[in-house]
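Chains: A, B and C, in written order; residue numbering restarts at 1 for each.
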Amino acid sequence: MTVESNIVRLETKKEGEILDITSRVQAIVERGSIKNGVVFLFVPGSTAALTTIEYEPGLLADLPRRWHDGNGHSHVRASLIGPDLFVPFREKKLMLGTWQQIVFLEFDVQLRDRQIIVHSMGE
Amino acid sequence: MTVESNIVRLETKKEGEILDITSRVQAIVERGSIKNGVVFLFVPGSTAALTTIEYEPGLLADLPRRWHDGNGHSHVRASLIGPDLFVPFREKKLMLGTWQQIVFLEFDVQLRDRQIIVHSMGE
Amino acid sequence: MTVESNIVRLETKKEGEILDITSRVQAIVERGSIKNGVVFLFVPGSTAALTTIEYEPGLLADLPRRWHDGNGHSHVRASLIGPDLFVPFREKKLMLGTWQQIVFLEFDVQLRDRQIIVHSMGE
């Protein structure tokens, strides 16, 4: 069993931005030496979050409109969704649903250079 | 150290359904070869989620009524709670609280065959 | 690769209490034998939760006021944020953002002795 560490770098441009990072995480898993395991994603910072959604135009418009706290603080939104997400993989393929993507949610109000820590564990 | 992979299969019948899967996850951990570790649960799909609750009638009625977005989209609810949940175990016993159960939350509007990916890691 | 198990003990005094446990988790990672890996935190019980925030006075006041369900049930709040949180570490240092702390959120209405399960995995 092994642990491998990688980073995904992003540049975000506005508050409420939702970025699909699925293909970048899949590429990291494919390049790695672990066949079966779990990939652990974490955002350092308290104004961004990670989750999975069906990444399609209707939902991309819908999601920011429905942040549960309406006019809430970006820090609150980020802490409610959380900075951490894991996805299992098998034969180096992420076990996501057909319409399910891994997304990075930017809640900060200014342009940011972001990095996501990607730790893979398995064998 | 080892990784073991299993699946829990479910059939859900209506939106807002909450299914207690604790005993099925505990059975997987007991059957496995890992004594101490963490079990990682993940739902492929973007209209369901995993969390823990005290599984009792009052709360089962209360929870759907209080989805933070009220009349929100099932995809939004699922993405806020998230598709991933882990629970540590020791001596093959899940380290849950006495009144804490692992639940699957169905947010889709139609009958679904669901599977939950269960990866155990530890030694 | 190794798994190590520890416990953080807390005493909470009132509903809505937010406790910064970052230094205690960092101390566990430093004392451990694992250099690079992930630390998995889990609260047994269905009326508390874990997340990360920037732990500063404004936000500490803001967060309880904005629980998305307003006058919702403590169990609902706990299940939405979730009992589990992981943080990656490298060279025995948690990979948090500069202003990002690990916090325990108490949603119960009475004084509680709490424990947080801390499992570290890595090599």
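Keep this in mind: a residue touches a chain if its C-beta (ideal position, glycine included) is under 8 Å from a C-beta of that chain, and two chains touch if they have at least 3 such contacts.
Keep in mind it's a predicted model, so treat the numbers as computed, not measured.
Rotation angle relating subunit A to subunit C: 120°, from a CA superposition, given to the nearest 5.
Two copies of one sequence, subunit A and subunit B, touch each other mainly through non-matching residues, since under half of the numbers at the interface are common to both.
The centroid of the Cα atoms in subunit A and the matching centroid in subunit B are 20 Å apart. Shared interface positions of subunit A, defined as residues touching 2 or more other chains, are 1, 68, 80, 82, 86, 121. Looking at the complex, you find that subunit C touches subunit B at residues 1-3, 5, 40, 42-46, 68-69, 72-73, 75-76, 78-80, 82-84, 86, 117, 119, 121. In the complex of the two chains, the subunit A residues touching subunit B come out as 1, 36-38, 51-54, 59, 62-63, 66, 68, 80-82, 85-88, 90, 95-97, 99-101, 103, 121-123.
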